[in-house]
Amino acid sequence: MPGADTAEGRQTAAPAIELRGISKAFGPVQANRDISLKVMPGTIHGIVGENGAGKSTLMSILYGFYKADAGEIFVGGQKTLIPDSQAAIKAGIGMVFQHFKLVQNFTVLENVILGVEEGARLKASLAKARGSLKRLAEEYELNVDPDAKIEDLSVGHQQRVEILKALYRQADILILDEPTGVLTPAEADHLFRILDNLKAEGKTIVLITHKLREIMAVTDTVSVMRRGEMTATLETATTSPEELAELMVGRKVLLRVDKKPAQPGQTVLEVEDLHVTDEDGVARLKGVSFHVRAGEILGIAGVAGNGQSHLLEVLGGVREATGRIRVNGQDIDLTGKHSDGRSRRARGIAHVPEDRQRQGLVMAFKAWENMILGYHHDPAYQKNRFLMDNAAIRTESAASMQRFDVRPPNPNLAARNFSGGNQQKIVLAREIERSPDLLLVGQPTRGVDIGAIEFIHQSILDLRDAGKAILLVSVELEEILSMSDRIAVIFDGLIMGERLPDETDEKELGLLMAGITDTEAPPDFETIEAALDAAAGPGDAPHG
Amino acid sequence: MDKMPRWADIVLIPVFSLVLAFLLSGLVIVAIGEDPVAAVKLMVTGALGSTYGWGYTLYYATNFLFTGLAFAVANHARLFNIGAEGQATLGGLGVAFVCLAIPWPHWALALPAAIIGGALFGAAWAFLPAWLQAKRGSHIVITTIMFNFIGASLLNYMLVNVMRPTGSMDPATARFPPGAHLPTLHDLLAVFGIPFSKAAPANISFLVAIAACVLVWLLIWRTRLGYEIRAQGHSEPAAVYAGIRPVRIVVLAMLISGALAGCMAVNNVMGEAERLVLNAVEGAGFIGIAVALMGRSHPFGVFLAAILFGFLYQGGAELALWTTIPRELIVVIQALVILFTGALDNMVRMPLEKLFLSMRKGRG
Amino acid sequence: EPAMIYDLGGKFDKSFNEAAFGGAERWSEETGGSYREIELQSEAQREQALRRFAEAGLNPIVMAGFAFGSVLEEVAPDYPDTKFQIIDMVVEADNVRSLVFSEHEGSYLVGMMAAMASETGTVGFVGGMDIPLIRKFACGYVQGVMAANPDATVIQNMTGTTPAAWNDPVKGGELTRAQISQGADVIYAAAGGTGVGVLQTAADEDILSIGVDSNQNYLHPGQVLTSMVKRVDVAVYDAFKAGPDLETGVFVLGLAEGGVDYAVDEHNEDLLTEEMIAAVEDAKAKIIAGELVVHDYMSDNTCPVK
Amino acid sequence: MDFATVLQVLDSTVRLATPLLLACLAGLFSERSGIFDIGLEGKMLFAAFFSAAIAAVTGSVWLGLLAGIASSMALAGIHGLASITFRGNQLISGVAINFLAAGLTVVIAQDWFQQGGRTPSLLGGARFGPLTLPFAETLRDVPVFGPIYHDLISGHTILVYVAFAMVPLTWWVLYRSRFGLRLRAVGDAPEAVDTAGVSVIRMRFTAVAICGVLCGVAGAYLATALQAGFVKDMTAGRGYIALAALIFSKWRPWYALSATLLFGLLQAVALRYQNIEMGGFVLPVQVMDALPYILTVVILAGFVGRAIPPRAGGSPYVKEQ
């Protein structure tokens, strides 16, 4: 019940957080310019803005991670100096970063106590934290195995650990930077219920997200950032997604995917009885079969960690497998010399990997070098037998970046200097421009702002309409539902079933994703929740 | 988007760092009761003030060019090849075999053969560590350290028991036949009527080294293999995604690295000593690491750093010849140069960046 | 003004180069003259130093070490007015004086002493690196041991194959312990700085050691049996004294010439029995007289005894 | 090989392994915190010299040890300054430190003692003597255990026991203490440590300082316990071997003990059995000399497998580009 009793609190109490005139430059980049912001205690405040608008920077300053060049911070009405995170923690501020700050090979417990140990010996601290964690878990429905290693947890669970960390430090003010970027809708719903609980306890929450739906659903007030400046602060109740989108991007944005009906042609990809075992000897795909036709998008829905990543990697030639795959009727090697990405590309398969920063791009390479990653053997890029034609590559890349509206369209900039959304556009430009017979896309819009999402979705649809086959893997059910022509749900290495988008809904898909096929007697929420928890296997790296 | 103009980064910072290193070296020289100004003068005139000085400076620089390039190529694939020392040792063996095997009629025939010999042996010595790293994950730093020791033993055995002429006191091979003697810079420049000191050992290998620089530059930045090496070096997952086979890259990069290190023998063994002696590499493999890192693994940077170290070696020799400054002091100066230009460069960069940033702001 | 060029080991290698340094210093002290010197840092500097010193008019130029042989062969003819003296190597040139020491003879004598001083019948040898020169030392030593006690056992070890082998006293110490555990109670070290470790450990473990090149008896008084001195210092001193009039040619400095010997001084006289001295002096006389020939490893690259 | 010989070889193993172990644990602290250190060699050498020099001057080995530790820490401080404060290249800094130590020790030694870059030989109280453990003499005649206790376990210098005690201590610190938790974290995810309110810089400097202390002890052990004075370059590449052992042990304390003991054993065996005859053919000494290194490669390739260094190792912690 947002609004009711906090409204009058707002007039009397001092703001939980007040920022005045915050500015921050990274070298020549002005990430924040003279920003002021007030957040009242016991409210949820949303911040939206394009990629690179400066949202994370602003919050990192509040958390003492970066030092502001200018400006003041007031916590609970008191002017507070926050030179480092220690000071922020003391001031009761907790933050869940966009890129989690967890020690991967530590247990949950170790991560939680790091920095707030009780004494020089760990034993007592660990025992105490175990107790508190149990209490917190019950209080807020934040179940995680305290002895699990972070690297073995799904991203959803990793995020819970981050929240637990903040709560364990008794944060009154909780900042969450794009918390739902990697969560399934169910996990996201769960998170928002937790946030509601926290708010009910009088805690203050700042939520950064690209999903306007979430802003509308949970926040009391919302601010919009654009190019380092705070352009508007509104009562959520008085605004609409369309207005926010326009404030963010500076133009009207189409929030719904607008697609023509599919015109499927002949079968391009046939997968039969695919089995994959990973490095640790765990079976990840246990006999998957499906097909994709030209001119259609097959969406694969599933909780992260149920094999869809492995499926993409096998198809993309990153991983070996057993079984049978045919593309355009020809068999594809799944092991040996001809099972690598180069061979796949030769067969007309293009692959937009789930993790653009780890796989899709060489972050230290310039944009133009990334624009040929995987296609560098293409004769078009060779000057002669020995040398590559860098000038030609650069020209072509510049044109293609122009077409895909990569900003800035400068092929000489290193990939790491582009914002997340633009990095994704570089990968898409590279893969789509080659007009492949089959496009594999993993999490195409993860962490990407709404302006870019619109563009990416349109590009994929254009490829489909050009008669190409597309396999779309996404944990965003909304994206799957709006983009796919058919939907296959994967659970624990098996395809649980196929549905048509108009004949199903999020709820049914959610059940399938939890491995529940018996739709006759829908189980109660707790069971789904628990099943989804169980479904979440080892996670992927947090997105970039 | 840089904080500083490129020229400042490339010119100002090394110069300031060098100045700092020399200031500190000066203090050490004062501390042991010598005249630092005279010492620096002697070093500069001794190393750069005559064709004789240049001849030695370039001779040393040639050694460091090969080992520096060797390290740089491997480093582009994120392989820390600490084994240039051993690979250059083996390269010496290869060059010696080639030079002694045939009574070479002319150096123009012997040189390419020796390059191939040195490169093959150097590459061979790099192969096993590379293969073990690629296939078994055996850490390349350990294996190459071990191969340095094993290489020293092998050379010792070969020289003492196999290649030494009977009755010779010296654990060294026989002198190479005259047909395998390389022309020195004196001989080469004489063709163009340019006088150059006859005594200095700099020889045609210097040109080979420069050619190697250009080839490495082309390899790394202009070929598919170089592209793949760099991709693998920056991100293995991305390389695998792109269809690049890590095993192949690791092995190839190390073979090239070892071959380059092996080629050093063309300079010191064939060009200078004209026979193979024990410990012919004399730590050039380790200097190569510093040279490559200081040169930021770019052939041009490696070139500059190699010349700098050639200068330090020759300048140091002049100090040793004409003063009582102990030779270890030269090692100290080298250490300070490495430290300030290679590791403490940010000490100079940070204030400079601030300066440039405020200047830019001041302008607009 | 004379000049001295030390080999890569440096003038403080506690043995060969240091002896040369000692000779030069003695000359300088006695005559008040000054001299130039350089400690080489790299192979390429051999030729450089020779030429630079010759061009600077330094005369004579003395160099210590067989490794100069090949370079001197080339350089000497270019400076006919300069006299060169090379130690440990023969270079045939008009202006070169070549000095070779009969280390095998000196080693033979200390070998005899080792065998006689040993109570266990096992003695040791620690060399720096497996190179012909060190084998020459070893071979002479073993012959001496066998001459004094045909049933004796000699344990021979080399330190390593990299230049570190000459500067690793820790490894020298460990080799010494290994030899002691195999019964050795007298150990002869011909290993530069590594020898320091051999002598030290021998002293620590209460056995006897034998020094090399310089007289090292003083290092551990009463615990160094003797030292096989090689009078490099005298060779340098004489050359400096002769100045530009240095007589050229090939000279072999053996026991007869006083080029090698065993050292007796106040630090070790208590260790030497009369019987020992008598036997050694007898052998020495025979060698000088030519009645006894100690096999030189260098003559045929083999050693008749193990 | 009889029992006594086995004991002697093992005894030698312990002595050869001790400096490696100390240096290896030193590297462990540094690298676990994310600071790579190929300057172990230089720090040991520096400490070897200063410990011997001060012990020679004062006649007290304890003052020598302190001086050794202090000097090694000074070099560690330079390494920290370069790689933590100024975010320089850690490898270059390490290389520079090795050079610096190799040069400065001899220059200073010559300046102080005029003995050709050596220190005077240390006598009596200027050296660590062997410790006889309680009951070593009485138990000597007990079969099997007696000789093991008397010959192998007893009779080393105190620094050997310190080195071996460092293993469980390091383990405890690393895995059971607050400091260790933070140390492991800072080498793997410095940003996690930073956002948890702990200073990355302070953690790393502390780790580098500990590295300095342990290298100091290792150097002092070489010069004042195993030997009786400093000789130039007397570390003879042990720092690099320790580095290899560190990787071998995958940055873990007990494995570090096994790795350094293994290296020590291989060397002890190679030293003891230098002239092996195989069917009338004497193995060349060079083969035995290379044997420890060859076996290391074989063991590494055959049994050890992939070693994954601390994730953040080698790169400075940079928040803002």
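Read from first to last, the chains carry the letters A, B, C and D; within each, the first residue is number 1.
Here, contacts are C-beta pairs under 8 Å (C-beta built on N, C-alpha and C of every residue); 3 or more make two chains touch, one makes a residue touch a chain.
Keep in mind it's a predicted model, so treat the numbers as computed, not measured.
A count of contacting C-beta pairs for B-D and for A-D identifies B-D as the more extensively joined pair.
If you average the Cα atoms of chain B and of chain D, the two centres end up 29 Å apart. In this assembly, the C-alpha centroid of chain A lies 75 Å from the C-alpha centroid of chain C. With centres taken as mean Cα positions, chain D sits 46 Å from chain A. Chain C and chain D, compared by their mean Cα positions, are separated by 34 Å. Shown for chain B are the residues in touch with two or more other chains, namely 149, 153, 156, 160, 326, 330.
Counting only residues that touch two or more partner chains, chain C has 10, 130, 161-162. In chain A, the positions touching at least two other chains are 27.
Contact between chains, per the stated criterion, is found for A-B, A-D, B-C, B-D, C-D. Within the complex formed with chain B, the residues of chain C that make contact are 10, 36, 38-39, 41-45, 47-49, 51-53, 66-67, 69-70, 88-89, 129-133, 161-163, 298-301.
Chain contact summary for the complex, chain D toward chain A: residues 176-182, 184-185, 188-189, 191-199, 311, 319-321.
Those residues of chain A that touch chain D in the shared complex are 26-27, 63, 65-66, 84-89, 95, 97, 101-106, 110-111, 113-117, 119-123, 125, 165. Residue ranges of chain A in contact with chain B, taken from their complex: 27-29, 316-318, 340-345, 351, 353, 355, 358-365, 369, 373-374, 376-377, 382, 386-388, 390, 413, 417. Residues of chain B touching chain D in their complex: 28, 31-32, 80, 128, 132, 136-139, 141-143, 145-147, 149-150, 153-154, 156-157, 160-161, 286, 289-290, 293-294, 326, 328-336, 338-339, 342-347, 350.
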